[in-house]
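Each of the next two complexes has chain A plus one more chain, namely chain B in the first and chain C in the second.
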Partner chain A sequence: MNADAISNDLYGMQQVLAEQGHDVRLFAQNSLTTEHEIGPATEIKNFLASRDDLLIYHYSMGWDFGLDLVRELNCRTAIKYHNITPPEYFVGYSKDYENVCRHGRLQIKDIAQANCDLYLSDSEYNSWELLLEGVDKSKSFVVPPFHQVDNLNRVAPDEAVLDSYVNGKTNILMVGRVAPNKGHATLIRSLAVYRAEYDPDAQLLIVGRVPDQLETYAESLQQLIQSLKLEDAVIFTGGVSDEQLKAYYLAADFFMLASEHEGFCVPLVEAMAMKVPIITCASSAVPSTVGKAGLVWKERSPYLLAESVNFLANDDATRAALGVRGRRRYERSFTNEMIATAFLQALASISCI
Partner chain B sequence: MNRVAIVVQRCHESIVGGSESLAWHYATVLREIYDVDILTTTALDTRDWANTLPEGRQSRDGVTIRRFHVTQGRTPYWSSLLIRLYRDLDRVRVPDAEPGARFAPLPWTIGLQEEFIRTQGPYSASLMRFLRERWSDYRAVIFTTYLYPTTYFGLFEVPKRVALITPTLHDEPTAYLSAYKYAARRARSAIWLTEAERRVGLKLWGELPGTVVSMSLDTATRQRDPAREERPYILYCGRIDPNKGCIELFNYFIEFKKMHPSDLRLVLTGKDDIPVPDHPDVDFRGFVDDEEKLRLMAGAKLFVMPSGNESFSIVTLEAMAQRAPVLASGVTEVLVDHINESGAGLIYRDYESFAGALNELLSDEARLAKMGEIGRQYVMAKYASPERVRNLLLVAVESCAEAISTVGTGSL
Partner chain C sequence: MHTESSDENDLDVDGLMHAIREAASKRDYKIAKADLLETKLARMFSAAEAETSHARLALSPEFEARSDDGYHVNDLLRYQGRDFVTNAYRVVLKREPDEAGFLHNLTLLQSGAYNKIDILASLRSSDEGKRCAVRIEGLKLPATIRSVERIPVLGYVLQCLIGWARFPATLRSQRQFQEYVVAQQSLIADYVNQLQENIRTELQQHAQQLTRLDPLANEMIHLHAQLDSLEFTVRQTLPQRIEDGEERLRQTAAQLATLSGDLNDRLNNISQLLVQTRLELAQQSVASDELRRELKNANVLTERMTMPGAERRSWDKLYAAFEEEFRGPVAEVEERLRFYLPFVRDFSTDAAILDLGSGRGDWLALLTQQGFQPRGVETNEVLADDCRKRGLNVETIDMMVCLRKLVANSVDVITVFHLIEHVGIDDLLHLLDQAKRTLKPGGLLMLETPSPENIPVGACNFYADPTHNKPIYPHTLMFILRNLGFADCKLEFLHPVENSPFVGDSPGFPQLNQWFFGPRDFSVIARKPAE
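Showing the complex of A and B:
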C-alpha cells in the first residue's frame, strides 16, 4: 500500500543518512508498517546516548512525549515541521482529530522555543510559522519532503485502472487523504459546473483513503454528490497501491486541488513529475509548491475551476506546455536528489555530516 | 566552437537501419566543416536495447562517437502498452482517410504517451544529462528520427535555438501520438527527406519551419556477378520484419510461384527478426556488406520494397541507382512518389496487383531495361550530390548558430 507523505519523508531521510554511513533508526508511538523496522518511541533515549547523536522529530501533531524528548535529550535535536491542520476543520466530524490538531498547534510555540539545533520545514509557508513563533532564522531551513516519484517512474501502471479510465472521458484527479481541509466539496461542485456547461461525461477521481473517524466527512461528501446527481461521476478509490496510483496519474487529464490547508502537498509534486496539468487555489503552502507550473487562482470558486478545465481541455498546446512546466519545476526543485542535497546542507550547518 | 552533435538511437557499422544510416551520412557530410559528435547509446539490438557496446568515446572515419548507457531498454511491459495503443487507436480509426488523417485524436494523456515512448527504449539518463549540461558546446544538435526517447526526451534538454530534427516521419500508428507533435515543435526547424514526408508532417504536426534536405547515396554502378547468380531473382534488402511488410512479401511470392512456376527466386539480405520461410526459391543471404548488396542490386530483375513504414527508403533508391526497376507496396506515400515521379517501377496493393505487376514486368525485358535506366537518372538527378546535402545542412546549422532567441530554457 502506498505510504503517506510523512512516512516517505522518514524513509527518504533514513536512506540518505544511511548512505552517509550513519546508524539510523526509526521510532514511533504507533506504526502500521511491516516493511520498515520501527522501534517503540520509549527506546529512543537508550539509542541516543552520545551528545553527538541526532534526533530528528517529525512534527505533525500534538504529542507530549515528543515535546519532552526534544527538551530532555542530551544529544542534538532537529525538528522536521510538516505543519498541523487547524482543528476547526474537524469540528463536527471527529473530536479526536480536533483535539490532536488543537494540541499540536498549541505546541508550535513550545517546539519553536525548545532551542533545537535545527528547524527543517517542508515549505516556506511552514518555516514562516516557526519563525513567527521565535525560531532563529539561522537554524531554519526549507527541505521539501522526500517522496516516491522515483518509484512511480519505475513501476508499471495497474492495467485494470488504465482499462477503466483511459476511455476518452475527461478525468479530473485529486490525490490525498479524504479529510475536511482538502476542499473536496469545491472539487465536486466544480465537476458539476463543468459537466453541466461543457462535458457531461467528465469524471472526478478522488484517490486516497478515508481515515478512521472521518467517515462522517466522507458521508457528507456522498450527500453532496447525491444532491448534485453525480453518483456515477465521482469515484472514491480508497487507498491504492503504487501501481494503481501511477495508473491514475497516467489516466488523469487534470490534477485539481482545492485544499484550504496544506503544509506542502506531495501529490502536487507527483502530478508535476507525471506532467499532469495542475489547476488549484492559492492557499497555505500550495502556491510555493506549484510555483508557475500550474493555474493557481486566488478565489476558491467552482466556476473558475470549471472554466479552467474547459480552457485547457480546448487548448492542447497550452495543456502540453503546462505539463512541461510542471516536469521542469519537478526536475529543478523537487527531485529526491535535490532534496537530499538540501537536507545534507542543513545538517552540515551543525556539523552533523 | 565548431562542433555539431547528431543524436541517434544506435550507431555502429553493423547496423542496417535507415535513420542510423542517415545519421552517419550527415556526420560524414558535415565532418569536413565541423567537428562532428554522434551522441548515441551502447545498444545494438532494437528488440531489447541491451547495453552491448562499451560506454565512452570512439573515433571512426573522422567522426567522434560518444555512447551512453541505456537505463531503460525494451521490456514485455512496453509490448503490453503497444497492444493497448493499437487497440485504442482502432477505436478512433477514420475509414478510407488519407495519410496523416487515419486516426482521430487518441484519448491518451501526455503522461501515458511518455510512458510508452520511454519504455519503448532506448532511454539513457546519462545521455540526457550530457545534453542538459553540454549543449552549449555545439553550434547545433541534430536529433535523428522522431520515434525514440533519445530524440523525444532529448528535445526537452536543449534550447530550441540549437535543436534541429530530422523526423524520418511516415504515416504509422505511433506518429499519431500528440506528444511527438509538441516535441517536434521544440526544434528550431525540421530537416525533411522528401516532399512526401513533409506533407505527412504538415498533416500530423501542423506547419513547422524546415527544408527538404534529403540525402545523397552511393551511385557508382556495380557489376552483377553472372557466375553466382545464374537464375533470375527479385531482391529485398533490409530488416526482415513484419513492420517492413515481409510476411505479405513471403506469402505473395510463394503464392505467385505456385501459380506461375518458373526459375525465379526471391533473394533477401539483412537481419532476420522473423524466420524466413524454408522454400526452395527463397534465398536468404543474411547480413552482407555494402559492396555485395549493391552487386546484388545490379543483378536483380526487380527490387521489391514491401514496407508500409518508409520515410525515404534508402535501399530502394540505391537499387534504382543500380538500374533495378522497383516493385513497391503502395502503402507508403514516399514510395508511391518515388515510383510515380521516376516511372521506374510499379506499385502493388494486394496479391493480385503484386502478381500482375510481376508478370507484366518479367515478360518485357526491354521495358525492364528502360525502367532501370530512368530509375538511375532519377536518383542521379536528386540524390547523388553530397555537396547539395552539405550546403543545405550548413544553412540549417548556421541558422542555429546565428539565432539569438532562447525559447525553451526560460527559468520557472
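Showing the complex of A and C:
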C-alpha cells in the first residue's frame, strides 16, 4: 500500500461513492499498483457514456489527453485540483520534472476555462489559484484529500523501527517525497543548529522515497549533510510500509516540515492524528492545514526551528498540549468521515448523488 | 465544525512562538548565518549555471597538446590569428605567451609581412625554442624558403617565381579560405540565433512568474486602499474618543477621590467610637467586677448593716451603753489584755496590727501605749466615734470588707477579741480564711472568745449579750485553724472564776470546779506559716 497522497484520495473517493451505490471505476495512463483495478485511460469514453455520469479528474500534472477529455466528454465533469509544484524547483535536478510541471502549470488556465461542473481543491490555497484563473466561486469547493490515518491507527507498529529509534535520542521526523520543493535543506540546517547548540545526539528521520530522476537532488542533500558533518544524524529511510510508518510516528518527538510548496500535505494530518507536535514554516497550503495546532513560522529560519525544538523538548507539558491540539484539530476537521461529508455535499450541489 | 477558539486546551501558541522568537534573537549561535543560509534565488542561479544552454561559442577547435612533442606544422597552421599565436607558444615554447611576445607576434602576423611559418620559425629558432627542442615536421622547408625570400632583390625575384609556380595552389587556398570564412560566419549566426531563442524562452518564463504576482499586487493595492481608509477613519474619530474617555476618567477619578475621603472620615469616626466603646466596656467591667465583689461581701454583712441610718444610730447607742455596762471596768479589761503583749512584742513598733471589732478600743489603747500604731475596725459608730475622739485609728467599716480590701501578706498581727462568738460558722470560716490571706508569712492571729466548757458561761451568761450567736467550742476552733493551714496553734484557757468552793480532791470536786468555776474565756494564738 505504498500509494501516494493523490492515489489515496482516489481510493477514498471510490470507496465513498461505492458505498452510496454508484458504479465507480478508476482510470490512469500509467499505473504501478496491482492492488486496485485501474483501467487504461483510453476506455474512459466508453465507461462515461451518458449525461448523468461523472468524471472526476485528479489534476496534478500537465496531460493533454486529460484536458481533451474534459473538453469533449458530454457527461458531468469535476476537477480535483492537487496543485502542481512550480517547475523552478526542479531546475538543475531533472529536466523531465521541470517540463512536466511547467506544462502542468500552464495548463491550469485551460482547465479552469474548460467550464467544468465542479472544481474541488485540497485546500483554500489551491482553490484560490483556480479562482484566480477564472473559476466560478459557486463551483469551487474545498475538500481535503482522503487519507490513510484510519489504517495507520489500526496497524501495529514495526518493532524493529521502534527498537532502533525509541532510545532516548530526540527524533525529528519529516514525511514526504524526497523532492526539491520539500525544503529538506532547511531541515538539515536546523538540525545542525540544534545539535551544535543544545543536543548533539538529536536525529532527523526523513521518511519518503527518492523518486526516479531526482537522485541528483538527493545527492545534493547528501553533500549538504557532509559539509555540516551530519552523516550519522540524518537518516533517509526510503519507502516504508504502513507498520514502519506508524512506528516512525510513534518514535518521533517532533514533526518538522519546511516545504516551500504544498497543495495540502497529508503527513501533517497523520502527525496531528498521532499527536506528534508540529513545527513548520508557513508556505502555500501549510498554514491552512495546520491552523493553530502547531508552530507555523513565517520566516524560513533554521535558528527559529532549532529554538522551537529546544523549547518544546524542555517543556513536557507544552509539548503534550501541542500534540493534543493536533489530535483535536484532526478530529474536528480532517477525519475521513468529515471529508466524505464535504465531498458528498459538493457533489450534491450538482445533483450527482 | 468547531472553531479553534472553542478549544478547551489552554495552550497559547502565539505566546509560545513569541517567547521562542525572543530567545532566538538573543542567542549567539555557534553556527553562523553565513555558513547556513542560501537564498532560493542563489540556488536557482547556481543550478541554472550548471546546466546552462548558453554555451560559449568556439570558432576553432580546442587545442590538444601532444605528449611526445612531435607535431606537424599543419597542426598549428589550421589556427588563425590569436589562437595561432597562443598555440604556437604552447607548442614551441611549451608555455602560455607573455603579453609582450603575444602582441609582437600578433602584430607581425596581422601586418602581412610575416606569415605563420615565419612566426613558427622565429619561435623555434629562438634560444628558448632551441632549449625546448620540439619537433615540428614540415616546418624546415617552408621556413628555409621564407628566409631566402627575405634576401634583398634576389629574394623578391625568388618570391615572384615561387608565387607564379604556386599560383593554382594559391587559388585553391583562396577558395578554401572563402569557404572557411563562410562556415565561421554560419557558426556565429547559428549561435546568435540559439542565444536569442534561449533568452526569449527565459523571458517568457519570467513573464509567467510575474503574472502570478499580478493578483498579489492587486490584492496589495486593495489592502492598501482599505488600510488608507481605515487610517483616515481612525485619525478622524480616535483622538476625540480618547479625549472623551480621558475626560470621563478624570471625572470618575475626582468622584472616587471625594468618595474615598468620605469613607476615610467615616472609618475614622467609627474607629474612634470603637475605641471609646471599648474603654467604656473596660471600665464597666472593672466596675462590675467591683460590684460583684461587693455583692459577695454583702453576704457577710450583718443584719445591722442593712439597717437604715437613724435606727442604726439608736441601736449603736444602746449597745455602746450595754458594753459599758457588761464588759467590765477598763482597768480590769486592760489587765486581761496584757496577756497578749508578749506575743506582740516580737514585732517592731511599726508593725501592721489590725484589731477586728475594736469596740471600746481597750486593746488599741494598750497597744498605743506600748508604742505601736494599731488599726481598728468597728461597725458601731458610737463606739468608733468615741475611739477616734481619743485619737485611735478606727474605721467604721465591716471587718470582712476591710479584710477583702487588704492586699495579701500585708498584716503582721490580727487580733479578734470577743468577736467570733457574734458570727455564724460561714462568716467565721470566711473571716479566718481572709485573715490567713492578709497575714504576712510568720504573722500572728490572736483570738479570744468565751469558753463553753464553763457551764454557767456557756449556758447562761453567754446570753447576756443579745448579739451573741453561739459559743465556739475551743477544740473545734483549733481543728479549723489547723485545717486552714495555720501553724503553731496554741490554746489557752483564761480567766477562771474566783472563790470556788470546790477545792481539794473530794470526789467530784475537780470536775465541779472545772465546770462551774473554770476559765471563762479561751484564747487561740496561731501563726501563718513562714514561706
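Some notes on this structure:
The criterion applied here is as follows: the second predicted complex is superposed on the first by the 352 of 353 C-alpha atoms of A that agree within 3 Å, B and C clash if a C-alpha of one lies under 4 Å from a C-alpha of the other, contacts with A are read in each partner's own complex, and residues count from 1 in each chain.
In this text, a residue touches a chain if its C-beta (ideal position, glycine included) is under 8 Å from a C-beta of that chain, and two chains touch if they have at least 3 such contacts.
Since we're looking at a predicted model, the values are computed, not measured.
When the two structures are aligned on the shared chain, A:Asp253 is found in touch with chain B, with no touch to chain C. Applying the stated contact rule after C-alpha superposition, one finds that A:Arg325 touches each of chain B and chain C. When both complexes are overlaid on chain A, the residue A:Val16 reaches neither chain B nor chain C. In the superposed pair of complexes, A:Gly291 makes contact with chain B and with chain C alike. Within the superposed three-chain model, A:Tyr303 lies in touch with chain C and out of touch with chain B [touch as defined at top].
Contacts of A:Val166 after superposition on the shared chain: chain B is touched, whereas chain C is not.
When both complexes are overlaid on chain A, the residue A:Asp316 reaches chain B alone and has no touch with chain C. For the contact definition in use here, the residues of chain A common to its chain B contact set and its chain C contact set are 291-292, 321, 324-325, 328-329, 332. Within the complex formed with chain A, the residues of chain C that make contact are 1-2, 4, 7, 9-11, 13, 16-17, 19-21, 23-24, 27, 29-31, 36-38, 40, 44, 46-48, 50-51, 205, 208-209, 215. By the touch rule above, chain A contacts chain C in their complex via residues 88, 91-93, 95, 102, 105-106, 132, 185, 189, 192-193, 196-197, 260, 291-292, 294-295, 297, 301-304, 307-308, 311, 318, 321-322, 324-325, 328-329, 332-333, 338. Residues 77, 80, 84, 88, 107-112, 114-115, 156, 178-179, 182, 411-412 of chain B are the ones that touch chain A when the two sit in their complex. On chain A, the positions that touch chain B within their shared complex are 156-157, 159, 162, 166-169, 249-253, 274-276, 291-293, 316-317, 319-321, 323-325, 327-329, 332.
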